[in-house]
Amino acid sequence: MKPIWQAAGAALRPLVLPAILLLAWQWASGRGASAAYVFVPLEQLWTGLQELLADGTLALHVAASLERALTGLVCGALLGIATGALMAQSRVAERLVGPLYHTVRQVPLLGLVPLIALWAGSGEFAKLLIIGIAAFYPTVLNTFEGMRQVDVRYREVGAMLTLTRAQTFRRVLLPAALPDIITGVTHAQVFAWLACLGGELLFAAAPGIGALLLTSEQNGRMDVVLLSVLVISLLALVLNLLFTRVARLLVRGRSA
Amino acid sequence: MPVPPFSQRRRLVGLSAALMPVLLSATKVRAAELLPSALRIAAVSRTGPSGKTLFAGSSALVQEQGWLAAELGKLGVKLQWVPVTTNSVAVQVNEAFANKSIDFAQYGDLPSIIANASGLRTQLVVPGGSMNNTYLVVPADSNARSIKDLKGKKIALHRGRPWEFPFSRLLAANGMTHKDVRILNLNPQAGASAVASGSADAFFTLSDAFLLEDKRVGKIIWSSKAAPQDWKMRAELWGDSAFLQKHPRLAQLVATAYVKAHQSVVGENGRENYIRHEVAAGQSRSLVEREWEGDNTDWNTRWAPLFTPELRAHYAAGAAYARQARLIGRPLDTSKLYAPQFVEQALAQLKLQNLWASR
Amino acid sequence: MNPGVLSAGARGLGLAEHARKVAQPGRPESPAPAQATRPRPARSLVERWLDWRWSAWTSPLLVLALWVAATEQALAPEQILVPPWQVLVSGWELAESGELGEHVWISLSRLLSGFGFGSVLGVAFGLAVGLSSRLDAYTAPTFQVLRQIPSVALIPLFILVFGIGETFKVVIVAKASFFIVALAVHDAVKNLPVRYLEVAAMLRFSRLQVIRRVVLPAIVPATLTGVRIALGRSWMVLVGAELLAAEDGLGQMMEMARQMFRLDVVMVGVMLTGVIGLVLDRSFRLLEGYLMRWQRR
């Protein structure tokens, strides 16, 4: 009896706030043409959504963006891990790369867009480049910190077993720093998705959810604009959850 | 060495004469080997349904006709179309010219002036185009009737884009300068939002103005349809000067292809065909038709690929405006911007000299 | 034994030196090096460079030198590879005309007002949600979804709602900092060691006292970290928003320069945004250090 009510209550609670917001939205959209331009009535949103799903446009753009973001993420993260590892192993590398990394990192990514457009064009490569850079920053930092903080005892064990430098790296440092590296990749994913969106908005036309946002803006289709924003946020949420779950699994498996 | 007898000299001359064509063709082969692997043309594009990139304007026709791709293919050169998003055409094309990633571009007059003033060398190869109209939009509940009512008010205008020049002509015709209004440098989407929310008092743009009218959030109080021809912005085919000098044969092919496209547009069903292309690229049909309704420029004249005195005057005035509005740092001599030889050759080749009799 | 006379072997051991030191007490002696017998190998150039105080400047200076060399060689057209001195000259011109100062001032004031609003609201919201699990249950999913909405995508919507003036930029910055700070505070409250709360219960603190004397001081470190991260992100979001839709400000200066094809001005903007970001970050770390020192006592 009571548990059922409690369970139902617990399930419904998260939906209260969104329901209130939707009602407020519907009310706002009824207040005239100018308001309806931005607070698109919910029915229009619904029909817009059906339209997008029917001709496969949404699926196409979502797939293109995901592909782009993940490619850039993988490239940037791999490079970041390699650089971080190098910096952790070699003081010279750290002294050379560190200052450059810290200065360039301060420039907002979107501010680099004009420079990238000039030096690398406005096509697919430029978008992948900006995603790669966004993924690069957190992975380098996390890999470097992770490796540097590897417990001295592990290193001593390695020295005792007279492992070569490469072997120490592969069998001692890398596994020990893996949790930090994985955290870095998780952070990188968040930035990579944002950079993917920014790239699609600012670089040349190509399939992608950001491009859909732009095109629908140009055609005055505010319903598609809102739907695109919603899809972007939902995808960000899903990606984030996915990566954190996988990260947790991997880390737990490691320390077991 | 004794002087060879007369007959032997003759034989030598004869031999050299016979060898000449071989030598020449050898150098020709050498020159042919220096052809680029791809010829790249940038054109405004939109992502249509099913993700295809569709081009706008005469580039779509050139692509459809396929003649250019075939001719270039015979020379072993690939034709590559480079898509450019409508909301930042000027910037993307100029940057692409700067880093040599395109050879030709179909884009506007003012950006080309800015590019040349900053040191890039491009030249106009094929003039003529759809000659977009420009519109002045105000919020639906505004009381402004003309540009004069907007003195001291905020007007959204994307700077450095070709329609800035018609805007300056509008101001000048009403005795105003750009100091009499507050210009908000916003890209077309932000400008539309600004005027729809009433936080900008006006918005100056292309036919996307109709979208605001359709949504009943804006009303158009001025359009360039009735204005003099040289008020209208131009979007035409420009080419990288170095490329034009190095590969005149390829440039000629491109020019001929575009002249052919112009020819088909002014021909039978040309207009209908053109509208079909624009609609396929994502514009709504009513928008395209309203854009041309009541326009005082003859369809035929728009597409005339002729280097008329009006054209030259237009660019000179554009450069003067750019200097005055501090869009460029140094004054630009526009007489060097033209490469008319390719169009002349194309017209002669296609025997179209009389189609657009020059006035 | 006469300290001055040693066998050859003993001399080799360096005992003579040691003996001399012992024989003359009162002289401050440096600790005997572990391998006094072997002369120390000369430190390699690399090691000397690593120990040099200014070695961190090496790579930026190297990059600068490469840049100058590349422009001398004209490896790329001037529009793409702007000479460094040109950037400096343009920067100087802009600073002189007061334009640069104006843009920087406007951008910074937007940042500070938006960031101020956002962080204060974020702390309040984070506290409320952290302390009350009922409120958390109601708002958490919505919060998570709204948090993910990229600020860049919201710009046209915000312009529609807030107009093109200062409001929408301040709101965008506030939105960015709000979510980050709220999340940090919420996590900090949730991660409070239970012992603290147990002690407070034992001392029979009222709810308000619990908050004021236990929760607030305990969450300060995590909150400060969150606020610092929010500052950095807000700066990025502001520059992005100004790039896309503003009539003044540093981002707008860069965008206009891009439209006018003045890469030198773009570089001035890029460098300045980087420097300002660095200064903000470092100053905040100093502030953090000062406050934390107070905490640690």
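Per-chain residue numbering starts at 1, and chain names A, B and C are given in the order in which the chains are listed.
By our rule, a contact is a pair of C-beta atoms (placed from the backbone, for glycine too) under 8 Å apart; a residue touches a chain by one contact, two chains touch by 3 or more.
The structure presented is a predicted model; accordingly, all values stated were derived computationally and were not measured.
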Legend entry - Label of the chain whose CA centroid is most distant from the centroid of chain B: C
Legend entry - Higher-contact pair (C-beta pairs counted), A-B versus A-C: A-C
Inset, instruction - Could you say which chain's mean Cα position falls nearest to the mean Cα position of the entire protein shown? - result: A
Inset, instruction - Just give me the whole-number Å value for how far the CA centre of chain B lies from that of chain C. - result: 46
Legend entry - Approximate Å spacing (C-alpha centroids) for the pair chain A, chain B: 38
Inset, instruction - Round to the nearest whole Å and give the separation of the Cα centres of chain A and chain C. - result: 21
Inset, instruction - Please list all residues of chain C that touch 2 or more other chains. - result: 79-80, 156-157, 160-161, 244, 255, 258
Inset, instruction - For chain A, write out the residues touching at least two other chains, lowest number first. - result: 37-38, 118-119, 217
Legend entry - Contacts with 2+ other chains: residues of chain B: 91, 98-99, 189, 193, 196-198
Inset, instruction - Please name which positions on chain C make contact with chain A in the complex. - result: 46, 49-50, 55-60, 63, 79-80, 134, 137-142, 144-146, 148-150, 152-154, 156-157, 160-161, 235-236, 239-240, 243-244, 251, 254-255, 257-258, 263, 266-267, 269-271, 273-275, 277-278, 281
Legend entry - Residue numbers on chain B that touch chain A, as the complex places them: 45-47, 49-51, 53, 82-88, 91-92, 95-96, 98-99, 101, 139-140, 188-189, 192-193, 196-198, 208, 211-212, 214-217, 282, 284
Legend entry - chain C-touching residues of chain B, taken from the complex the two chains share: 90-91, 94, 98-100, 114-115, 118-120, 154, 156, 159-160, 182-187, 189-190, 193-194, 196-200, 327-329
Inset, instruction - Enumerate the contact residues on chain C facing chain B in the complex. - result: 76-80, 155-157, 159-165, 244-245, 247, 252, 255-256, 258-262
Inset, instruction - Within their complex, state which residues of chain A touch chain C. - result: 10, 13-18, 21, 37-38, 91-92, 95-100, 102-104, 106-115, 118-119, 194, 197-198, 201, 210, 213, 217, 225-226, 228-229, 232-234, 236-237, 240
